[in-house]
């Protein structure tokens, strides 16, 4: 393996977006959350990711989120900003807003809602990279976007200097392995996994870091895991990952009869952060519902069991 | 069958959005297109649908499109406006913009990009209907939204006065039949099919009208088909539909090696309208490519064969 | 439209397979069912289709089913036999067994379980047709087979004399329309729809007949519908179809918490036939469960409402 | 972690089924292959898996395959036999045949072709286990079966003594992690991964062994990888896995314009085994085509590069 110096490594959580009771951005809670994450050892912050409810926010609220995170981070760690919009021109518009707000990089998906094509996806990333003067990461999340970024496409865009990295939330561990193998020849390129419970395995396989939604709740745990893996202590990394995997069961608490997987997942992250005293409410955006008292109690138990309060 | 007086009937094409060579809205072409459609016998205009490239337009350009169509329609036929956004708050924002521009109704999908749930979809439509003082139609297009609106959910929302109608582009002819059966008890509710080549069959099955993308290219044909069906002349309606089905083959002309189904479909509509002299360019939004000269020639042949020019 | 003389027209129900309490083929009930169907006006019998539980039967039981149906039909109507097996050699083996049992035609799907390819599907049908000296129909049922037969592929095989017809249970009404348009040039080729509640619409669009599972329960209704359509009385055909569509709601009776769609569907057909006195039990193959007493009562009500008993 | 003694560990390749030029089982090649695998260090043999073309074989040929493998293994390693049939009774029939042939265990999937339900899948495995007096493993392969076995369902069946293990080819690395966590409380239960290129990562995460199709081609490599992981030398295990991942590129050699993924994958395994001199032909079952001379040459190059010949 060549010496590599990928730009993004370690733990870069997709920061949740705290809301007030009436649905506005709770900037005070968001500032506390940023402080908690940086104190916990994260190496970057991903604003306006799926866990940040980006799909639910109007443009005005998105600007508030990025301004708040950039301000609170105050240059201690880089801030990468999601520009997750249906197509090119809209992603460019949001990318330029992120640049203006002081982002260090942007993260775009393939086009969605519309049907698309590998040729168009390739052109999409090139056009976004050309139009926004920031490093660009690709976000591969077929469960939302309904197309898959092939390893070949990502590696070609990386080799051409279009992409600075990729966040892989595809669940395609075979594809991720080939990304990692291909990245051997791309010294600066970053391969980041989005899957909370297999970070140890993906780091063993060659990933450079992780973007775990659960990292909002337990940044210290992920930072430990990353350090153990970097030190080659894989048995201890696995033990830490196993503890975290059990913590991740908070995402299964919400009643699936009345909550989507999204509501159950990010609702659990917000509820856990409220239980831990970091943010003020567990309000989520409409049309989702927040977790209720019974669900909150169950999450508190799981936190307790995992050694978090 | 009870006497019904559904609000939306006949042919309501999803109006394509002409672009200039540099990608701006070509308002002159758009005004000509509106005139062509009204002259052709359409009963309404659907702005900012999938065929209108809504997924590709920034908010500022969307406002231009709606203002132009409303202005050109000048009250001759109603204008329904798509508010096809990822989630509730964003759809409401666009719905209010449509209201301000003078729309007669809005059309919303279920949430997309994010994972969702029937409970959330139900709440989404109720919140949008509450927040925007216009009739609301649901747009069922699983190939884009990746969830299906069940007949039960749509009929319940209709019975509760939330929905004024549905555009069904789901390809689920069985579900559509049950929508039509259920609508017997809902005098004002409109069931519209989005499938260009089975309009005769869906009208026989009880649909109230059609929202055919191909209606941009051949509004006269669809108006004839609708009139024949209304008169009970099903054999002649079928013959007209068969002619139109052959015309629809224009959507298969684009090379599938370099164009998505979306680019091939709406690219064909724009190219046909250019060949027919209605709009000035066949430019489509990035990252799609326009149809080339060879593809244009093939489309001209199909138009010729279908008796158009 | 040219004069066409397709080989298979009218109503050809996929005959359910009655079972005894201990899971053996109930040949006496099966013989009564065949008599009931022929008396009801069907134009053919499809043995070992999905509704015939073909997926659940050992080869020995399949032989009993075909022998019984062929014997009871006694040449009054043709018997087509499903050879629905994972791949070519196995379909050929079952096709030869069907020939030996006196079948008039066989029906094969594309390969399943294994991943496949249009080139392989094309070769599959050619090899089966070559190896079994009976007319071959293609069965397009993506919900089971997980690939779709394109209209182009089917029409090419038809033009080459490989296929005598197609049963379309794809739910792709657009594709079916193009099959019907293409069949204009294929005088003997039969396009049959498998969708119970849109037979009127599909006949209007050019289909030659139907293969409705619900035809087991109400052969007389489907025979009337077919005759009305053939006479061009589309309004009356629609009314009959609407009555049948309401009858089809029997497939929604089984509790979806404990029954698959298959168990709910063919379980309903068997239960309705038991209620109507045609077969002795509503036993279904393991691992499915039969409909219970409450579900049976609900089915009896729906039958009553539809004018059956 | 408790001390566990899972029944199946190490490397248990799904043995390919060599064919003669005219499509019969090439028993001499199959015997050589079994010898090669045992000499290479495998800990078991999986007959009639997906890589063994089980979907393509008639029952008579399946019996030949199992008899040959059991005979050649001669008790040196256990032989587990796939009973991959559409539903319960058929799986039982094949399971009893496997028992008669001397199998040490059987492997069944959920029902396929038919639509199914978790309740039915649960009952299916219980009925198969009851009816066949051999240990039963579940095979989770959604790409073929089109349903996913949840970790909860598998662990419940394991706790009840129905399942002795699971082969996970689902690509759901998160689900696999929870299987491994749950298996901590099930001393005898075996979690085996079917994914060739992430065996190191899955072993780190707690898997007990692997069932790699590529293990036919390079049993020695997988045996080394397994030994390194068992010894806790994860860096060396990763290096071996990386070498194997590059070898796995043989499955991408076949022209995707004329070969399915199945044909390309198992065709590559057979071609590599022919190049390595273990089996006589690279013939595959109809309707697949064998790899051609150019594809064979490319596979020989990849073998060479991976240090094999």
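Here are a few things to note about the model shown:
The letters A, B, C and D name the chains in turn, as written, and every chain counts its residues from 1.
Methods note: a residue touches a chain if its C-beta (ideal position, glycine included) is under 8 Å from a C-beta of that chain, and two chains touch if they have at least 3 such contacts.
Just so you know, these numbers come straight off a predicted model, no measurement behind them.
Taking shared numbers over all numbers used, the subunit A to subunit B interface scores over half, which places it in the same class. Subunit B and subunit D have Cα centroids separated by 49 Å. Averaged C-alpha coordinates give centres for subunit A and subunit D that are 35 Å from one another. Inter-chain contacts, as defined above, occur between A-B, A-D, B-C, C-D. If you check the complex, the residues on subunit C that touch subunit B are 171-174, 177-178, 181, 195-198, 200-202, 204-206, 232, 234-235, 238, 241-242, 245-246.
Of all residues in subunit A, only 23, 50, 55-59, 84, 86-90, 93, 111-117, 119-124, 127, 143-146, 257-263, 285-289 touch subunit B in the complex they form.
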